[in-house]
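Next come two complexes, and both contain chain A; in the first it sits with chain B, in the second with chain C.
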Partner chain A sequence: MSSKKSDNIDLSAHRPPWNGWLSTVSCNAPLPILFLLVWLVGTWIDTRDFQRNYGWYKNILFDTGFAIILAVSLQLINGFSGQFSLGHIGFMMVGAFLAAYPVKAFSAKLTDPGPMLMFFVALAITVAVVGTVLILLFWGIRYSRKLHPLLPTVLIILLFVWLMVDLARAATYEHPPARFILTHGISGVASSFNWLVEHGQQFGAKLTMWSPKSWRGPLCIIIAMLGGASCAGVTGLVVGMPALRLRGDYLAIATLGMGEIINRVIILTPALGGALGLGSIPRIKDTALGKAFIDTNANGRIDTGESFIGFSEFAWLYMMVIITIVVIWRLAYSAKGRAIMAVREDEIAASAVGIDTTHHKVVAFVIGAFFAGIAGALYAMQKSSIDPKSFTMQRSIEIVVMVTLGGLGSISGAVLAAILLTILPELLRDPPSAWPWGFVAVGVIFIGLLIWDWRRFLPGLIVCAGLLGIWQLLRMSAQRYGVSLPDLRMVIYSLMLVLMMLLRPQGLLGGRELWPKRRAPQREAAPTEESRQLGPENMVEGRVET
Partner chain B sequence: MQEFYTFLQQLINGLSQGSIYALIAVGYTMVYGVLQLINFAHGDVFMVGAMVAMYVATGRVPPTMPIWMHGLIIGVLLIAFAAMAVSRRSAKLGAMEVLPFVGIYVVLAPSLYLVGKVSAGIPGSKWQVSYLSSFFVLLVSLVVCGLLGFLIERLAYRPLRDRPRINSLITAIGISLLLEFGGQHRSVFGPTPQSFPAEMVPNIKSAIIDTPVRIGRADALIFIVTIILMSALSYIVMKTKTGLALRAVSYRFDTASLMGININRIVSFTFVLGSTLAAAAGFLYAVQYPTVNPLMGLQPGVKAFVAGVFGGIGNITGAVVGAILLGLVEVLVKGYMPNGSQYSDAVAFVILIVILLVKPSGLLGKNVVEKV
Partner chain C sequence: MKTSHAAAGLEARCVSRNFGGLRAVTDFSLHVKCGDLVGLIGPNGAGKTTAFNVITGVYGPSAGTVCMNGRRIDGYNPVQINRCGIARTFQNIRLFQNLTVLDNVIVGFNQSAEHGLFGTIFRTAKFARERAASEARGMELLRTLRLDDKADYIAKNLPYGDQRRLEIARALATNPRILLLDEPAAGMNPQEKKELMDLIRFIRGKFDIGILVIEHDMKLVMSICEYLTVLDHGETIATGTPDEVQNDPKVIEAYLGEPA
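== the complex of A and B ==
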């Protein structure tokens, strides 16, 4: 009987968990309500009195937000498309530096969106032109094999020898003359880019004039975010197109190398601050926008300043977190997401069914890189100074750990693991007592789940309670023997990592979501010939069965 | 002529750099050949080798390693045992595998302590000059790292062998973090770099040949030790029965077990062999650049890994060739390109990308055709 059902496939089965809730990015009420909530909580957090350790908590909140964006975007690459990337932090770095540079250079007070926009436009034009030339060169070499099969090899060798000779000879001149095409070409591209940026500024200033005054701050931030993220996405495309031909470990190694190369390239670019990085980047919270809700005027009333709406950096970050999760969720559980997952399961079978495997891998890679770029841009505008040394291979390995620990192919798992792995080392810095509030929290959640769906969550809750107990035991024994746990925090962290992986290799959620995809209630199937003969009782049974 | 001598000098520097990379890269490549696993902890085994060598050479033991820390480690092992016993894995005897390591640890920690005490007591140690003492130092660090490699495989990788490789990768990262941060704890080593007493190798600062090209004794030591260890390795891999089994396992893992080869033994053996070579590399590195610090394993580890990929990962000869080429290229870039020392780190990765795009199987690797 179940085979008959396959005729009317119900697309609502692929809906995200809150059936109806969040199911579309654009229209439904819950998303704006969620944003409103984040905005309220964010402004509340920003207007809270500065208590002891307040900055510390706030930093943890921010790091958690960045970790969530990074982990979820890497989940798309590693978990859903099955392409193992070890260089994710490189994309965040591109986003951070290429968003921070124009913000710092053109709108130091976050009031000048126009010139920033024109900077990105100039960058896009330059990249497009250079990219077209390179692609034409590439295709030219590639299709020269139609003339003679050995021609591409000969051309590549000639090109290489010429470049080497050009470089070597140009290096011996103090001011290389124009005939050295490579050096001249590079400086030509640079100067034309500068020309574009300079002449764009006038138009950019006009754009600023045209934009409403209270919109300029948010426009700055949005342009920086989208610009940095697009740069990261383009980098992802450039990295992904060749690298995604590789499989498995080779891809992992290649992405690792790409991440390191991105790091070195940025260190070697003087405009981006070199090895010292960029400092004194305008912060979101310094803008009229960020300040609006923080400042109170002489009457003790909230001063909305130049902006009509207060918008803390916390709110910016967590709205982007929500947008990331929603977009990647929608992508992963859409038709395209099915194709991406099919590539993960079996590439050859997927291509046999007619899925363009390269296309889907590259799409996942570029979208992952894009969101990493958004995290980078926000990171730059929150920390106010960025340093190439903080975007090392170790960080990208951390993100991979989050993704794997959450469970490959589980967005909610990635979110959970990102929260856990960011908070855990910080908690160990000053281990608080889990008694009584930790146990109270577990108890409350426990009762809630008893009402909701206790069968699925009981083992997890028992494990949570056990972990809390171990935590308390560890803390007590450390106090008893005079051990300073903060010194040992990273040791404990790494031990926990190994143990968690050994005891639960499939990750926290193991490829499932916290809220499983609920099937929409099955429609009444039209009574078939058989069921009519068998009578209504059997039909009901059959429905219950399926 | 002077230019030529400079060039020769660069070649010699590159060779000694490359030899150290080669000793590390062999461990990476052997493990990859057998298990298809990138052993991220290998660079840190190299660091532990240097660290142990330093303890023994200075006659110092991990100084203030208090009793509670041993208690903590044993406690964690016991908790792991309990957790494994409770979980479903107990049916597969996974839990019983953890328990012996409490015992091993109980033996290992005091024996390290004793070795330190003994080396402080014997004549010729503690900053005194003797070939015997340096040999002793090397030996101890070889043995300790061999044990460490054995333990790592047994505890972190074997329980996850049937699982997807990414899980082993994560435990490898965890072990690597554990060694790094454990080393940074002040009761083990402390975060600050300490200088290695290279003087205990006689006349280490002087040169064998001084003009026109300088070959320092440290370089000579590196060449000699590398050549001896590599010949020993090739003898083991090519001529002994265990070596035959190792090659068989790396050729076809499952079929080898059908042929009556004890896979677990061979994998443990691979790890011990690789870690031993890494320890030797750690000792030589500490003699050449006489400082030791808990994060010293990161950079050489990654470079050695790149070298392994360059030569064709899974292929021992390839790893050696790749490592020596990488060392040469790095030193030449440093010497001859303007601002070369800035680029020399990136060169390894550029080589990596180029080789992966042009010939992913590496210089000496064989192309594996994927079948449905």
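== the complex of A and C ==
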């Protein structure tokens, strides 16, 4: 839609040279560098011979990574689109189980990507066909309104009754005869999905043969992540389309229910392990990729073995953390994000300026669910066993707390809160002394920030130093009076949340970001000819005579 | 003024809207061409805002048709209606309060953004160009409405008069052919009202759009509108030029009550 107004403006005057291809390069150049850094750190972690509590520290590190992905993706839903979702963990669960199943069943310990890919293709085909049929059916029902306004209601009731009768009657037969169309339809979908998966295996094996040997491991992980995440995204779409018609508390309750339904459906699916969950899922670190670093201590050198590039578990997870943050950041601070935020601010006004509110809410919801699915897939491949009981409402609420504590509408706030709320309860198990290294660390972190912009970061420094001081006092007095801090762990944690909400209800960063959302736009200060014409004395003349 | 066949501009014909037994608007007809300045007046509860809401798709009409450039648009949703070239402001200001002034305007350009999800995520050159262009357009529009020095303010921190103007700027950003203003002068002092009148005349001339104003302030309406429709209890009691309407006994009765 080219508009009359834009033609009047000479855009070349507003376009500095770095708005061309150079901007793309300068925007994306830090990413490979960051990936390299993460790879180095991951390699360092895996090759170092940590003496004490290695597993514990490493677990905190991984949990922090998952928490960041979940919090940032929920920030897009809760903070930017303003749709309060309490079922976020459900999407992580879908991602975890639907990545874990093919990884366990088809990937031959993360060496055989072809059959896994074919599993997801079969799933996609089935979902697409069933979805199309259902959409056509519902369109038909909807348009029957034109014949008579009561017809859709009648049709839905009839359909429901038919479904119930069909299922109930068919259950009395061992082999239901052909007149039970719905029963046959449902079992037909299941058997054709199985057929697709089975026959896809041969083709999948061929695909594996074609792929270079050293790429197979990474491909497996990527396919599992993208597949699991896409499943979560589709679930988000199915859940979001009806639920996002609701607002506020009603939506929160609906998403809560949807999360529970997802949990129950997965528990009731035998292929996904039932109530026990899935165990002995191949782990990233057991593959040729991760093994290189595990063996290093024995070999005394880094042996990348057959792998293309040896990415450790840590590198995979934190690369996805970076990708999640970058993608959601860019989405949130773009035209699309602006529209999403406009919907949050005022739906009626948003639709009055031509923003399709439902579309934008669903887009935010689906993208948030997608990234939660990525976290789930990595979780499955890191923990090696997943249990439906660990994906409960409680976890959803923890993520909501992170998002709220970080400040709604602030990605860096969500990251900070995710780190804080994962590390803090663990630190309280065995409270270390903050003196002197805690203060040194805070000092070092803030020196750079203060040099950059001391006005902005001085309050942060004071708050951090004060918190460390309180921590130290607490620890000292606990020692003095013989109180066990680890026993009071959850009390302290909860008290901090309460205090936080009392003292700073807008969250840590309160909708702002740690660093500027974007480069300040180039603007010329001098008024143009036109605005000078529009001085108050000229404005009275009104309509320009033509 | 009236044309019977399909014509340019916004045309409502015999529009009615009932809420249950309440007939909020009955047989409401109106024609706004590009370049027209039409007023819609009436005492409180006369159905002016309902008529507005029917035109902008917030409610569907119970009867009658609404056409834009000869195309029927009744039954469209607000988004589709906006894309047909009808933009509106609200009686109680509805800005995107926590966005900046510039963002409030740029939101209106959204429908013309061409870079897709890929461009957004990889920040392609096209994305950068379009962002610079939309910012330039946004600043241009703000400059026209003399808000450019406040472009970085958070919208809710603007003074009242500026918020009104920003709402008009946001509506103009969607590139409308017809602009509907719902009580733009509500809560303004005489000086601000005078400025608003000038502004309305100015944008009508600058963008060559048709403007439909709902207003209580008779002085303001009488001085800027070329054509008036008076509603009372949902019914159109008078139409015509300000002079005709001013002397219409029905209008006087509606506003001042029956002669004693």
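Here is the rule we use: the second predicted complex is superposed on the first by the 459 of 546 C-alpha atoms of A that agree within 3 Å, B and C clash if a C-alpha of one lies under 4 Å from a C-alpha of the other, contacts with A are read in each partner's own complex, and residues count from 1 in each chain.
Keep this in mind: contacts are C-beta pairs under 8 Å (C-beta built on N, C-alpha and C of every residue); 3 or more make two chains touch, one makes a residue touch a chain.
Since we're looking at a predicted model, the values are computed, not measured.
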Which of chain B and chain C A:498 touches, first, second, both or neither: first
Contacts of A:338 with chain B and chain C, given as first, second, both or neither: second
Touching partner for A:348 - first (chain B), second (chain C), both, neither: both
Touched partner set for A:356, first chain B, second chain C, both or neither: second
First (chain B), second (chain C), both or neither touched by A:488: first
More chain A residues in contact [chain B versus chain C]: C
Contacts of A:249 with chain B and chain C, given as first, second, both or neither: first
Footprint overlap on chain A, where chain B in one structure and chain C in the other make contact: 348
Parts of chain B lying in touch with chain A, wherever the complex brings them together: 32, 36, 38, 40, 68-69, 72, 76, 79-80, 83-84, 87, 155-156, 159-160, 163-167, 169-171, 173-175, 177-178, 181-182, 184-186, 302, 305-306, 309, 313, 338, 342-343, 345-346, 349-350, 352-353, 356-357, 360, 370, 372
Residues of chain A touching chain C in the complex: 1-6, 8-9, 11, 13-16, 18-21, 23-24, 27-28, 327, 330-331, 334-336, 338-339, 341-342, 345-346, 348-357, 409, 511, 521-523, 527-528, 530-531, 534, 536, 539-540, 542-544
Residue ranges of chain A touching chain B (in the complex, touch as defined): 84, 171, 242-243, 245-247, 249-250, 252-254, 257-258, 260-261, 264-265, 267-268, 348, 393, 397, 400-401, 404-405, 408, 470, 481, 483, 487-488, 490-491, 493-495, 497-499, 501-503, 505
Chain A partner contacts - residues on chain C that touch it in the complex: 56, 58, 77-79, 82-83, 87-88, 90, 94-99, 102-103, 106-113, 115, 117, 120-125, 127-137, 139-141, 143-144, 146, 148, 151, 170-171, 173-175, 195, 198-199, 201-202, 204-207
